[in-house]
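Down below are the structures I want you to see.
Shared between the two complexes below is chain A, which pairs with chain B and chain C, respectively.
Presenting the complex of A and B:
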């Protein structure tokens, strides 16, 4: 799955548009840009396990929520904000590594169910462990004392930073031995083992990569909103939305998950604003249509158009 | 070649058994392969031939017994470890990476099993083994598009790119027509000339006899014969295993009568 120059151009243009929003748009647009960047990072993370490796993971919200909580607890204990994000990233990465060694023994639907259970178990543990997490009351975080526009701009660039890091990691993995091995596992796991790939190790690496950027985004999100609670942090909806975004753009490609996230968030905003009662239903229909008629994602459209232009019309 | 080394077996099985619940798939199987040897493993359907390969390459753990590869007990190995050691195999039902190109398929073998330093090096090694098996013109085709005979060649190229010391070929000729079989046999001969120890699993006698001087015969999970091909095919137990008791007796009568 090679990413063509068109994908890189779209990617660069997308990042540029997001980064320039504070120069030409109001606070609502900047906020939306930050949300796009955040979901872009989550979808790009999911791509490691879901796109490259072909394991349908629904653990995103677990990593995001744990990131929120580890970051919040550290910050409340007096750890500086950025350091708290780093601690959250590393701890959740270690957690994913251990967890992956257990649940990656499952394949296909069983893995999907196992990974979604992780979200619920994490939510239950966090909401029951009141002495540490505040239980259902949630946790307050120290708020930044800057002007609202400044805070907005700051978190836009933080989310963009996490997104760019996840994209760089994707590009590196894509070119390396790891990416090749993961794609082999995707196509035929038994054959992958027979050519000498340590499949368990590779899958755990992919699962861990899929966790670290979610944890960083979660910790930053907690600092941004200033308040977290278990239901908000561990949303089943998020865990479903993120894979849909990645597939919408093109799973297994470099630019696809980010472009899918951008398209999805924008669609959501449009439906949310115009059809308050029906927005979820409309979104559902859109997802079903996309899955049926565009299984390769939006990027596959561009590829098809190019192939057509190259061969001078449909053969 | 030093004689002291050729005498040392590269692969040795000592009393290997494999049971699935109450079913004894392999019972007390022992044999040794010397480096560079081409040996045929025959036996009727269900004799345990594929199980034996699976046990040797770590796909199934043996229930008991020792598997010594270059003198080291490897009975507990994982399939990827077997591949990296130089114990390669092909599958009876071919196992390509369907959406990758032929070249990428073979590159995977060179990169992970053949110890290539980089993806680029692996690609060069892959080109070489595609040339060797005669698939170079199809290098950029998706593996899923290949016809059966070419897919079997792809399996061979992939195994070769892994730089195997022992290559186990599980019915590489099944499903091929006779001219395709002749091509495959020539290729296997070329592989053996490179010094690779080859174990050919087959139930087509013609194929095995034209390649190997030594035969192993498996029947109901037991090794019932091990020796020079000419002697084995005349062995009564082997004939009985293939034809059944009644026909073996009739055949014998005809020879005597």
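Presenting the complex of A and C:
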């Protein structure tokens, strides 16, 4: 999928705006920017399996939640913060690799259901394994002792860092054999296997890529909030919200998932602030409208506008 | 041994309720190829209608059964006709996301109107003892009702023109169209029946368990498991899946503690998904 110069410009502008918020805005805005960056990273990760490969994966919350817990448990055991994030990323990556080898044999609806079940099983196991995870009471993490603005700024840049890494990985995969193979699988998996693509290997690679950045974001999020519990960490809402963000921007593109995440988080903030009782319903309406009127995402609008302006150019 | 006959009885009673809860979901998935994320909220909506009719006007849940059924059928029919039909042949990501969006709306409306306080119809029917086994009467009646309702759906599917048309559309949509079946209408009717079965399951559940909007996800999860374990889109499949899940949950609850019962259900589902994707009684090539 080709991303035009407009998409790159939007992407660069978005990242710049997020990174510059500490210079011109208050703590609330910086916090929102960090949330945007975090969901941007989650949606960009989902894009590997959902956008490139076309597998309806709903396991984002499982990877995020496991990342939270592995990071938290390491930190409580005295591992330095950054190292704990790395351990969480690697462990969840290995977990996704093994899990992928099993559940990627499923297709379509069965894969969707299986990947949702993974979130539920992870949540249930974590909430009942009290000796390790604190069960339903959750876990407290050591808090950073800096000033609040400093903490906020630090985590903004951490989330931005994870987002940028996931974008770089996307760009690399997009150009490599892997990206080509994944798109072949998206179009016709049997045909892709027939022409010699190792579909199992490629799918497991995409699934693992979709997990590692979620785990990193989860571990960083746990350190940021200082407290995690099973219901917060493994949310079915998050596991559907992230694919919706990617689709809102444009699934399968480089910039789309991040732009969709930004648009979605901003909408959500506005609804939370103004319609406390109805924010969930309003988000539901947004999702329904998205499915009906913007199935190709926001970037498809830009592409259409361009096709109209430069008549005869490739759409 | 006495403890095991009690567990068996509990498991079978629970299983019949699960079958009734999941049969509509299974039908919609099998015929429309849509994973209906609204199913859990439909059940709770049926439950709330029952509770408030009982609480405010003293109407007995059994009287509410046909009322809730008719209301839910109309709701489901209208939703499919106006909204879901537009994307019914889209990939699963689209249809699942759409029904999830609709579910967020319905969930919000219900939480706003009814609040999330757990509520239950208290019928106080006492319990009966059969040898070593004690059975609460309300649960026993609920089980019976669930079985009767499931059986009625089976008879409708097998014996009526509408039922045969639904089966035909499930087998081959284009062939059914060539035979003069209006598939869009069959889709809407099927979705209506799915909602109807969820609603009447809600009537039964409200008389047995406390209901609240917080458990919509739990019930949806049960529907997933029953559907995958038993096999898709058929009444016998849902019945087998429901009973197996009920038994597994009771046994796992006894052996590993109640917290593990739900986990055992999901693990069972993942195992069945990987070893026998057609489900225990499903037909190959029919998934």
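Here is the rule we use: the second predicted complex is superposed on the first by the 311 of 315 C-alpha atoms of A that agree within 3 Å, B and C clash if a C-alpha of one lies under 4 Å from a C-alpha of the other, contacts with A are read in each partner's own complex, and residues count from 1 in each chain.
Following the convention adopted for this analysis, a residue touches a chain if its C-beta (ideal position, glycine included) is under 8 Å from a C-beta of that chain, and two chains touch if they have at least 3 such contacts.
Because the structure is a prediction, the values reported are computed rather than measured.
K.L.:
In the superposed model, does chain B or chain C contact more residues of chain A?
P.N.:
C
K.L.:
Pick one for A:183: touches chain B only (first), chain C only (second), both, or neither.
P.N.:
first
K.L.:
Going by the contact rule set out at the top, does A:125 touch chain B (first), chain C (second), both, or neither?
P.N.:
The second partner, chain C, only.
K.L.:
Between chain B (first) and chain C (second), which does A:293 come into contact with in this model arrangement: first, second, both, or neither?
P.N.:
Touch partners of A:293: none, neither chain B nor chain C.
K.L.:
Kindly classify A:281 by the partners it touches after superposition: chain B alone (first), chain C alone (second), both, or neither?
P.N.:
second
K.L.:
Does chain B (first) or chain C (second) touch A:194, or do both, or does neither?
P.N.:
The answer is first: A:194 touches chain B but not chain C.
K.L.:
Name the contact category of A:175: first (chain B only), second (chain C only), both, or neither.
P.N.:
first
K.L.:
Does the superposition put A:24 against chain B (first), chain C (second), both, or neither?
P.N.:
After superposition on chain A, A:24 lies in contact with neither partner.
K.L.:
Report the residues of chain B in contact with chain A in the complex, numbered from low to high.
P.N.:
57, 78-80, 83-84, 89, 91, 95-100, 107-109, 111-114, 119, 158, 162
K.L.:
Help me check something: in the complex, which residues belonging to chain A touch chain C?
P.N.:
50, 54, 56, 58, 102-103, 105-106, 108-110, 112-114, 116-118, 120-121, 124-125, 127-128, 236, 240, 243-244, 247, 277-281, 283-288, 290-292, 295
K.L.:
Show me the residue ranges of chain C that touch chain A in the complex, using the header's touch definition.
P.N.:
Residues 29, 33, 35, 83, 86-87, 90-94, 96-98, 100-105, 107-109, 111-112, 217, 221, 224-225, 228, 257, 259-260, 262-263, 266-267, 269-270, 273-274, 277, 287 of chain C touch chain A in their complex.
K.L.:
How about chain A: which of its residues touch chain B in the complex?
P.N.:
That would be residues 175-177, 180-181, 183-184, 187-188, 190-199 of chain A.
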